[in-house]
Amino acid sequence: MNKKNTLGIMAGILISLSLIFILTFSSNAIAAKKPTVTIHNITDLTGAYAPIAIPSEKGGKDYLSWLAEQGGIDIDGDGKGDVEVQYKWAEFGNIDARFMSAYKRFRIRKPRPTIIEMWSSPNQEMMKPVLERDKINCYGIGFSDPQLYPPAWNYMDCWSYGESAAGAIEYYIDNIWPKRGKGIKAKVAHLTWDSAYGRAAIEPTTRHGKKTGKYEVVAERFCSLLPTDPEVMAYLSDFEKKGIDIIWSNSIVHTPAVIQKGLFKLGLTKKMVLMGNLWAPADQLLSIVGPEASEGYMCAQPVYIPAAEPEAPGVKFANMLNDKYRKEADMPNIQYMRGIRMKANMVEAVRRAIIGIMKRDGVNLETACKKITGEEVKEFGLQTLAGYTAMDTTTKYNSAPAGKDDRRLANHDRVVGIVDGKVKVLSPWYEVPRLVPDEMLEKGFFKDEKININYIVKGE
Amino acid sequence: MTINVDRPCGTFDSNYYQAMEIFRTPLRKFLMIAFIVLLYAIAFILDDYIISILIVFCAFSIGMTGLQIITGYAGQISLGHAAFMGVGMYTMAVFQEHLGFNFWFALPLAGLVPMIIGMLFGVPAVRIKGLYLAFASLAAHFVIVYAINNWRSVTNGTDGMYLHRPGVLLGIDFMIDKYYYILVLTVTVIMIYFAKNLSRTRLGRAFVAVRDNDIAAEVMGINIAHTKVLAFGIGCFYAGIAGAVGGGYYEYVNVEWFTLTDSIWYLGFLVVGGLGSIFGAIAGAVVWKSLDELSTLVTPITEALLGGMAFYASAAFSLVIYSLIVIVVLVLEPRGINHRWQIIKRSYRLHPFPY
Amino acid sequence: MEDLLKSIMLGLASGGIYALVAVSYVIIYKSTRIFAFSQAGMLVIGAYTFWQCLVVWSLPIWISILITLAIAAAIAIIIERVSMRPLIGQPILAPIVVTLGVMLFLRGIALLFWHGEVEGYGEAFLPLGVWHVGFLSLPKIQVYGFIICMLVIALLISFYKYTRTGLGMRVVHEDHLVAQNLGINVKRIFQYSWIFSCAVAVIGGMLLGNIQGVGLDLDANGLIAIAAVLFGGLESFGGAVIAGLAIGIIQIFAIQYLGALLPGEITMLVPFVFLLLILLIKPYGLFGLVRIERL
Amino acid sequence: MAVDTRDIVKKREQRYSYGLTLLRDCIEETRDLPNEEDFFKKNVLRVEDITISFGGLNALSDVNLELREGELLAIIGPNGAGKTTLLNVISGFYKAQKGDVYFQDTKITNYSSHKIAEMGICRTFQNIALYTGLSVIDNIIAGRHPHIKYNFLNGMLYFPWARREEARQRAIAEDIVDFLEMEQVRNTTVGMLSYGLRKRAELGRALALEPRILLLDEPMAGMNLDEKEDIARFIVDIHEFLRIPIVMIEHDMGVVMDIADRIAVLDFGLKIGDGTPEEISKNQKVVSAYLGKAGEQ
């Protein structure tokens, strides 16, 4: 290759790179007629969480397009949109440096972010003090305990992983377990990832099991991110010897898929039940594993299930969105529903904040949109979301911070399972238990847990 | 007769000290000082976003310089470098959390602890060579991550730890990003100066000797076992410092901060930057982290350009562009950016003659 | 005793695939002296392509396999021609890092076409179900998978042994210059090596896809296979096979007997720590070519 | 009295050994140069019953050799006779299966090779083994590694004393460069040099180690007559000026006969001859080894 050619190609690369940079920095110069608010998202579409981020981002995007078609957020309740929602997002591929720079980029740009959707627990934990300093809300997709305790500016889309696991296990033992009601303690094993996310459920479930006396956590084992079949089968045959009843796996759908297959191959399907959290939804697992082998799998879900309840209003809405904007055969699925839910929650929080500012300061809509800060989104928006159903993707009493120290936006779950090769809802909506660590109670948090501090719950 | 084109034309050394200088002409000295001053001045001109990127550049330049010492100078391929960076971060966090050290006292310790661990994992290098060593050093990564994950009483397991920047010192509040940037930049400049000194003195020559011909080096009086282990030690010292200042920026550390991918790409971008020179190390770090940054920017743009239907295209684009740039740069310039830079300098010196 | 046998069976089942992937590394290493990380990416591509043919287009199984192999060969030729050939004779780390780039590129391609979603073959490829032999329950997938792995490896080795091209390839393994002087087209041989290696890797991908589900993270298996390659010695097919199986068994043993003692994930840790220990004793792996140092 | 003589000798030597004075001063700081009375009498290096084999091949069997003070010993022999192996054993790179190596009555058989080099047994290599990435001058300073007395921390921080030490070492190295007449290429990376110059650079690196014994492995292989004469001149100068014994493997019988004090002959791992050039040229075994049966007639 001759030298000039080389230099030319390198120059070409440089020029195209700089073009891309210029494009980015100029892309936010789009004029808008209506007042606008901006919501932000730092997501992971190429890293470890890609399989769950992509479908849920689809749902979120479609919801936002639908909202834009309606004219934006409807503040006054007249059916017409008043405030346009701008959506800024960055992709960080599960790399911390990219995450931080994306955050800083958002922070210094106008408009200043009020609420940022963030992916993955460690990053959200990292941001805890930073967000508190910057007074920006985190709307997080990772539900690890350290974010909740002590409470800060991190809001979570759902309950914590531990609470969800404890709730689902408890419900299963009380209502579905064949040996229920005989005073036998169920044996629970965790088989999950060795990461903050994977371990999140272990400690709270152990604590809850001891407290209720219904089950005990016998074993905790860790597999690789995408475990091989024999690896999992080795763990399972170990579990078989220990007489485990319930396996909880806090991971994304690949891992339960392999475990479920292993259960089937070892002929343990009826003896042990595998349960997963909301990121390992039954419908995705069914498509990977196939109907025969996936029999008996269960997961906890805070949204309506498109595959099982086509008539639920939220599912209809999701179907409508998919038909309108995407037309993909395998959508909507559970993740898609959650995508809608997340964006709807964020938009609703902003809406309530705007109403709150208008009432508090007596200003008009435009000024309110300019004035909006993270503090208002927190106090008037996120803290008051109780009862909001996020376009009916969840049940009525679902979205709810239960007190001023509560940072969860959902506290109800359902157990969803695979029965006869189909996704079925196996339980009514039940409230997940609240598993606050004792030292947090000693510090004086979570005293008024049952009180709903609804600053403003109007305009519903 | 060979004409030496590695030096500026028309400069002659009149004593031995001059021959040992890093920059031989006053102009180059001046340019370097001006450049460093500019780097400091940038802190007061640019916004937090650029500064956050610059801090990452600085931290990874230190780390990359460390790997340059191990791999570029001493020729021992290490695939566990990011893990040592992690050890640095955790040392900082652990000493702050459990023993109440402040940033300034913890910083040297954050270098020394990885140094000791690095020397331990450097011992196999005495026996194992080449690619075998490269993948054996992966074991270091797994062992370190495993230890951090499971030594819960000290490292808080997978939950991560908070570490703290230095507070107010001499009226400078390091919680403000630009002042912290100045701190990091200072550390970087000092560390790189040290590395440069190392490369031109006794041990640096021994490193290169071991790299170029380890058997001959042993026979010519260089204790290669000692030298290799020391190379790992110093390289990991750098990694630890890099981790400490980088972790101080995030004020948080978690095992997911230094994944296996990071460890592997450390080596990858060292090659992109160019083996065997400090400039190459810095170039590698800067290219790596700019590409990282670029790919966060690319995704939304491609989506904006291609529309909502091209959703996956936008997600895949960052990966594709990232990898394509690495491939193209290396196919065109297998000896790295540093080599191309040398060629440019050389052709400038020889202008108007081509060779 | 039963446990032991069970563990060994499980270990062999996963070891078979490690061996296959390890062989695909060795093919390239032997002829070009490059350690091709890109083979981990080929696993993903193979799994997805096969899924596309078999499940989405519902093609017959043989045609699907042929298409997948053809695509693997095409990718191999492109990689070799575009990114490897310009780097012949350059410092050895450069092409290795390029293969890393290729791995990421292939991941990006998979994301582009198949959206990173986890898919499965269901019953379309290998039969599900279990054979019960005494106290052992042998999953059919894994038995078939193991047999296929061994067949492919046997085929490959006999190709090297009994064909003219294979002979040429063996000469190239010994010395590039000598081969060139003997009138063997070394560049052609490099190309063949890449094609064979990628073909082997996609077969590994298909089997993995059947066992674990088709997904982007299949490339993690490529990493464990690296431990097998080095354990066996970079230049040895036999070593790769034995080491692959051994790594599989060691992994299972570690899980069975160390899982309760060591908290945390040990599936990746154990093979590499084991590798480190082996290399300390035998610096060139079990069957690697020992480089005699001379002055 | 003795000191005065030495000064006179030194001055005389300086006339033709331009460039080695600094090195010699350096050597004299740590030890005295051998007296002329000891020449050809005192043993410096003794190799006893060395046996080494690779696989089934006996590279050396029961080889005895001794080197005396002030001697220029040439080892000759056909290819594969074990000459290089013998040097490798002496410098500690190969460990002999049987037999010992004594350096000034110290048993060094089991010393590691860098230790042996530090003691002053320095060598060059048959296939050039320079540090290809370094320039000539850096190669020579790298050769001075064991004699540079500061640790790496001082180097990293570049303290004034480290800087002074560096300058001193550079002065010595430059002196060696001058001696070897390589001033033009001193800053060139050795990878870019011609074969002859690389051989010379290697000699310079060995000199930098302050040798007590210099082992030269085919220093003139593949050179033309001019270059050979240059190298021969260097060898003789080093030999006389530094007063060190030299062991040289060489194929060019003309050179060997001219400059060697004594010749040892190896054939298939066996020592078949040892003596002055005249004796060797008359030794029947040697002649037959070199010329085959025809030589015996």
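Note that the chains are named A, B, C and D in the order they appear, and that numbering of residues resets to 1 at the start of each chain.
The criterion applied here is as follows: a contact is a pair of C-beta atoms (placed from the backbone, for glycine too) under 8 Å apart; a residue touches a chain by one contact, two chains touch by 3 or more.
Here the structure is a predicted model, which is why all the values come from computation and not from measurement.
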| item | value |
| --- | --- |
| Identifier of the chain whose CA centre is least distant from the whole-structure CA centre | B |
| Chain located farthest away, centre of subunit C as origin (C-alpha) | D |
| Geometric centre distance via CA averages, subunit B-subunit A, whole Å | 36 |
| Whole-Å gap between the CA centroids of subunit B and subunit D | 41 |
| Chain centre separation (subunit C, subunit D; CA means) in Å | 51 |
| Contacts with 2+ other chains: residues of subunit C | 86, 108, 111, 115-116, 263-266, 268, 295 |
| Overlap residues in subunit A, where contacts from two or more other chains coincide | 1, 46, 50, 54, 194 |
| Residues within subunit B bordering two or more other chains | 149, 215-216, 219, 312, 315-316, 318-319 |
| Subunit A residues within the subunit C interface of the complex | 1, 46, 48, 50-51, 54-55, 193-194, 219-231, 233-235, 237-238, 253-254, 257-258, 261, 264-267, 284, 287-290, 292-293, 330 |
| Subunit A contact footprint on subunit C (complex, rising order) | 3, 6-7, 10-11, 13-14, 17, 86, 108, 111, 115-120, 122-123, 128, 130, 137, 139, 141-142, 211-213, 215-218, 220-221, 248, 251-252, 255-256, 259-260, 263-268 |
| Subunit B residues within the subunit D interface of the complex | 1-2, 4, 6-7, 15-17, 19-20, 194-195, 197-198, 200-206, 208-209, 211-213, 215-224, 230, 234, 276 |
| List of subunit A residues in touch with subunit B within their complex | 1, 6, 9-10, 13, 17, 20-21, 23-24, 27, 45-46, 50, 54, 57-58, 61, 65, 88-98, 100-102, 104-105, 107-109, 120, 122, 125-126, 129-130, 133, 144, 146, 194-196, 198-199, 325-326 |
| Complex contacts: residues of subunit C adjacent to subunit B | 35, 37, 82-83, 86-87, 90-91, 93-98, 100-105, 107-109, 111-112, 115-116, 223, 226-227, 230, 234, 262-266, 268-269, 272-273, 275-276, 279-280, 283-285, 288, 291, 293, 295 |
